[in-house]
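For clarity, chains are labelled A, B, C and D in written order, and residue numbers in each chain start from 1.
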Amino acid sequence: MIIVMKPHAPEEAVKRVAGLVQEKGLETHLSQGKEVTIIGVVGDKTKLSNENLTMLPWVDKLVPITESYKLSNRKFHPEPSRVKIKDHEIGPDTLTIMAGPCAVENEEQLMTIAREVKKSGAQFVRGGAYKPRTSPYSFQGLEEEGLRYMAEAGKEYDLCTICEVISEEAIEAAAKYVDMIQIGARNMQNFQLLREAGRSGMPVLLKRGLAATIDEWLNAAEYIIAEGNPQVVLCERGIRTYETSTRNTLDLSAVPVIRQKSHLPVIVDPSHATGVCAYVPPLAKAAVACGADGLMIEVHNDPEHALSDGPQSLTFPAFHQLMGELEGYINLSGRTL
Amino acid sequence: MIIVMKPHAPEEAVKRVAGLVQEKGLETHLSQGKEVTIIGVVGDKTKLSNENLTMLPWVDKLVPITESYKLSNRKFHPEPSRVKIKDHEIGPDTLTIMAGPCAVENEEQLMTIAREVKKSGAQFVRGGAYKPRTSPYSFQGLEEEGLRYMAEAGKEYDLCTICEVISEEAIEAAAKYVDMIQIGARNMQNFQLLREAGRSGMPVLLKRGLAATIDEWLNAAEYIIAEGNPQVVLCERGIRTYETSTRNTLDLSAVPVIRQKSHLPVIVDPSHATGVCAYVPPLAKAAVACGADGLMIEVHNDPEHALSDGPQSLTFPAFHQLMGELEGYINLSGRTL
Amino acid sequence: MIIVMKPHAPEEAVKRVAGLVQEKGLETHLSQGKEVTIIGVVGDKTKLSNENLTMLPWVDKLVPITESYKLSNRKFHPEPSRVKIKDHEIGPDTLTIMAGPCAVENEEQLMTIAREVKKSGAQFVRGGAYKPRTSPYSFQGLEEEGLRYMAEAGKEYDLCTICEVISEEAIEAAAKYVDMIQIGARNMQNFQLLREAGRSGMPVLLKRGLAATIDEWLNAAEYIIAEGNPQVVLCERGIRTYETSTRNTLDLSAVPVIRQKSHLPVIVDPSHATGVCAYVPPLAKAAVACGADGLMIEVHNDPEHALSDGPQSLTFPAFHQLMGELEGYINLSGRTL
Amino acid sequence: MIIVMKPHAPEEAVKRVAGLVQEKGLETHLSQGKEVTIIGVVGDKTKLSNENLTMLPWVDKLVPITESYKLSNRKFHPEPSRVKIKDHEIGPDTLTIMAGPCAVENEEQLMTIAREVKKSGAQFVRGGAYKPRTSPYSFQGLEEEGLRYMAEAGKEYDLCTICEVISEEAIEAAAKYVDMIQIGARNMQNFQLLREAGRSGMPVLLKRGLAATIDEWLNAAEYIIAEGNPQVVLCERGIRTYETSTRNTLDLSAVPVIRQKSHLPVIVDPSHATGVCAYVPPLAKAAVACGADGLMIEVHNDPEHALSDGPQSLTFPAFHQLMGELEGYINLSGRTL
């Protein structure tokens, strides 16, 4: 950390600040410029957590040099992580496809969709049993009944299963039925839920918050890993901007940025990001091209009558075609399905 | 709702869409332009919730005309709401001041701060017992112990008390100790928590999410009210933008916008919005000037050593001075403390 | 256009609004809901440009149905446009690579870079002679001298040449030396400059403004085309968001969105978008994968000493390697260099 | 400036970087942490402008400590500036009101409006003669004819006059007719225009760009002042965010931030920021309450038929009422009209 003093801070003010830092057992290095003096601070910064150094007289600002996340930081874990789910591994060698409906609507629907996405090559069936919805008057999910259908579909078609959780009870229920849990964008900073997901010991897909920076996202992952659960996969799903042509703005730069900052796998969800099925195939290809470890794609047997997010869902033929077109891109990336 | 067809949609396509709407028991009104036909839909739109009309051939887009929130909507409740807490009423006649530390640190600290903010004229003491923090390594709050101190401070100095809750257990604990609960920005779309806050029957302060639109915010309030709990107060606390001079961008326009769209009281938190104590007084005055029903302000006995958010906290003398300066603005607004 | 009346607007108010619209020679279609009446307006909306209908009593809002841009709109020009520059065509069959330094620094530098980018397969050399810089104390470009070097480089290595213009005089100068002019992000709504670019008759690369919506961007293109110059190519170069890991947030969704809304070619500039050379290759591949018609990439002989934007520039070996890796993606896109 | 090295950078790498800096005549101060070494750089940074230090091996990032703007920086000019226009002074003692139509439409309109705004207490009449419009098909202004009417109105009613300029010719024309020129939001980084405004020697109102940070805004002011023209007044007019209830999001925090960073006067335009006349009065009061040096407000004799931006214009009675209500706030601010 660097402490920047205000221009022409008197020597005593600089000494006072440096002295306070030293008292806590850290080293300081002064660098005196013509206008401005800066104090480099070396040592364990958590010892300073009770001090608000910016409140001291003549202090201008603090400039952090190292990141606050450690366990999710590539600096301390240079090799890319692999997350194993049943026989499948999410990581640098594979391209993971999670496909399915936004919401589980009934048994037949889910079984049909699971069969088709398996046929097209997906390794996961996804489906929401607990739906966080902007309006309280929208369909909120089948809850445990939906989870049961997920388990059934996974078994019948030999697919891994993933489901969003929105509460501790949902995590407990999900643990009985599915292979991986998902923390949605709206809960990315529901720290209680992150800790519980960590304690559950289940693999976790952590979606990026609607307005979360990449650093906040990696700190959210840190909450899960700090509970002793390193099986975290990140999912970019669009951020909120002023642009309204797409529901959110898919931030594909996040893929190479995460690759540099973290060892965790990262997948991309072009369906929720854009909200428009016509934009899903080109952005799915782009995600693979820029190095994503996988894709989450909404597929529905009858998008015209889906209970949630129909307009962004691919039909079976559209998904099948996309999977065919992705093949070339997956080959170029040196991965396998 | 209006259904906009694509340019030169054939008559049969228009008929098909209109027919489908009529089948569900709603009326349609065609308006045929030179290029574009639009279909006005009249009736209860929830009957269409199983249909994804935008997936139908030749449909271009849907344009909603009415808001999805009803109970928080001023159209159906033209009089401004008043929320009673002990002897105090939050609403159009009063200017409510909630002041106190970001985090409750210990009994003595809280009692000292409560005494001082009472002396300066605040009606509420605020203080965090459960702290949602970006990093898992930051101080997370005293939890129930902190709530006990809040109760004590409220009793000793005849202040209303408010505390953030982040889980169902926290709501249950808070119900025993404090007068009002707060849902923080990061949990604004934690729908499970909103419902539980509704069921608790306690007055709720609902902070705006970091990237929430005003419509999403009013829909979040709708979740609480829909559980039979109309005692909701909104709190603007800054939104995320590209500007970095302040921690967030305080959106004071939200005050008159909310006034027009909703009957719920709205207060402003300039401390969290800016993150800089020097900016709090001018923006506190501005909030009163544009019609806010109250202010939430961080005050600390020793900001240099606060465990959370020190740089944005006012000292006692600064808070006392602000309260003196606010008097003229409160008078101009026709309100009383 | 649709006029939405406020709830329970009296019949006379509706009649007054509809009457005013009809007086101007447009048709109206009423659609009366239980709460809300809407008025569909059919005909030439420019006839209403002197009326502020939203100011009329009981009018709630206007909802535009058709776009304000016509000449850049795909609805009226379904075939993708092709822009010819010397022997090269920018459009659906080719993948255009524009490469070169951010700023032209001297003759030798530019000739060296031009030779290398040609060798690696680029069809254009780019280079800034007029540099819009945030601070007045940064290097502002060689101006006409820089243009002369561009002409020379184009001739010597049989490359098309492109240069940013920032004023009428710059356009006049550029017309003498280069094959295509570029309007930069900061000038996307410098309407005077857009008109002059239109009148120049030169092919124009129009970069997206830092906070421009896609609709504003297409309206800016409209300014150029409306002067009788249809040779416009769009360039996505990142938009401003709250995320700071990259300089801007590259909005690759803009590529399929533009494809749907417009017939104009669209290329992508990952160098300016990210500001970090390590992120350029993955995003360049992603841009090709999602359907871009080309790429603009910064290449420098000595990025460590570049006068402008060095950190985002590729070295010759890095550019050469990228061009090799792009081959597979270009093949998959069905295009040729 | 601080150079942050990557974790565990070898000593030679640190030496190479420090050596390069020293060669250019600057001092370096090393601060070696457990993981990270940082190099404080003392001296004139412009000597390093040809070096891209971030490209050097093992360099992680550069952290600027001092601002790039000097002439607009409060650090080097602690007293607030005053800008004199005829008998009026914009600065810390006065509250300047600029009122008038968005666009000058004809002589009679402007004279009527000028008379009324003068009567209500405004010191300036504003009016657009050159209108930058998103669509080329919207009304673009009366140009020089409009300026002539402005001069007439200023003379007739003893008002200062201000007009937006969008080109060098417009500046030349404006210099003949009006007292102050305005650079609009879309041209805030039209550096050519900024320089010309500086050279004109006229007082300049510089609006904040739609997505400009406060630092970029002050750098834009620097362009004007660097030409020898210190008569610059800033105008906050809303920034682009995801919120759509208002046209832009008025950033009132910018007022105290500017006050701290710069000595230049700053006024607020609530009309363009919100786009809705009902929101103008509350936000005008808020602007005065948080310390703005003035207001720019749109007033129109007949907003229903205004050629530009009618919905945000106040009628004469509404403006008159606002001016009456502002009195108390102006008194509290210790200023006079």
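The working rule: a contact is a pair of C-beta atoms (placed from the backbone, for glycine too) under 8 Å apart; a residue touches a chain by one contact, two chains touch by 3 or more.
Small disclaimer: the values here were computed from a predicted structure and weren't measured.
Asker: In the chain contact graph, what is the shortest path length, in steps, from subunit A to subunit C?
Answerer: 1
Asker: Report the chain whose mean Cα position is at the greatest distance from that of subunit B.
Answerer: For subunit B, the chain whose C-alpha mean is farthest off is C.
Asker: Between B-D and A-D, which chain pair is linked by the larger number of C-beta contacts?
Answerer: So, comparing the two chain pairs, more contacts are at B-D.
Asker: So the centre of each chain is just the mean of its C-alpha atoms; given that, what is the distance between subunit A and subunit B in Å?
Answerer: Centres of subunit A and subunit B (C-alpha means) sit 26 Å apart.
Asker: Distance between subunit A and subunit D based on Cα centroids, please, to the nearest Å.
Answerer: About 38 Å, centre to centre.
Asker: Mind checking the centre-to-centre distance between subunit B and subunit D? Centres are C-alpha means, answer in whole Å.
Answerer: Here the centre of subunit D sits 31 Å away from the centre of subunit B.
Asker: Counting only residues that touch at least two other chains, what does the list for subunit C look like?
Answerer: Expected reply: 211, 240-242, 244.
Asker: Mind listing the subunit A positions that touch subunit C in their complex?
Answerer: Contacts found on subunit A: 211, 213-215, 239, 241-246, 249-257, 260-261, 273-274, 278-279, 282-283, 285-291, 328-329, 332.
Asker: Can you list the residues on subunit D that touch subunit A in the complex?
Answerer: Listed in rising order, the residues of subunit D that touch subunit A are 2, 4, 7, 29-36, 38, 40, 42-43, 63, 65-66, 75, 240-242, 244.
Asker: What residues on subunit C touch subunit D, complex-wise?
Answerer: Touching subunit D: residues 46, 49-52, 54-56, 68-69, 132-139, 166-167, 186-187, 189-192, 195, 210-211, 216, 219, 222-223, 226, 240, 303-307, 310-311 of subunit C.
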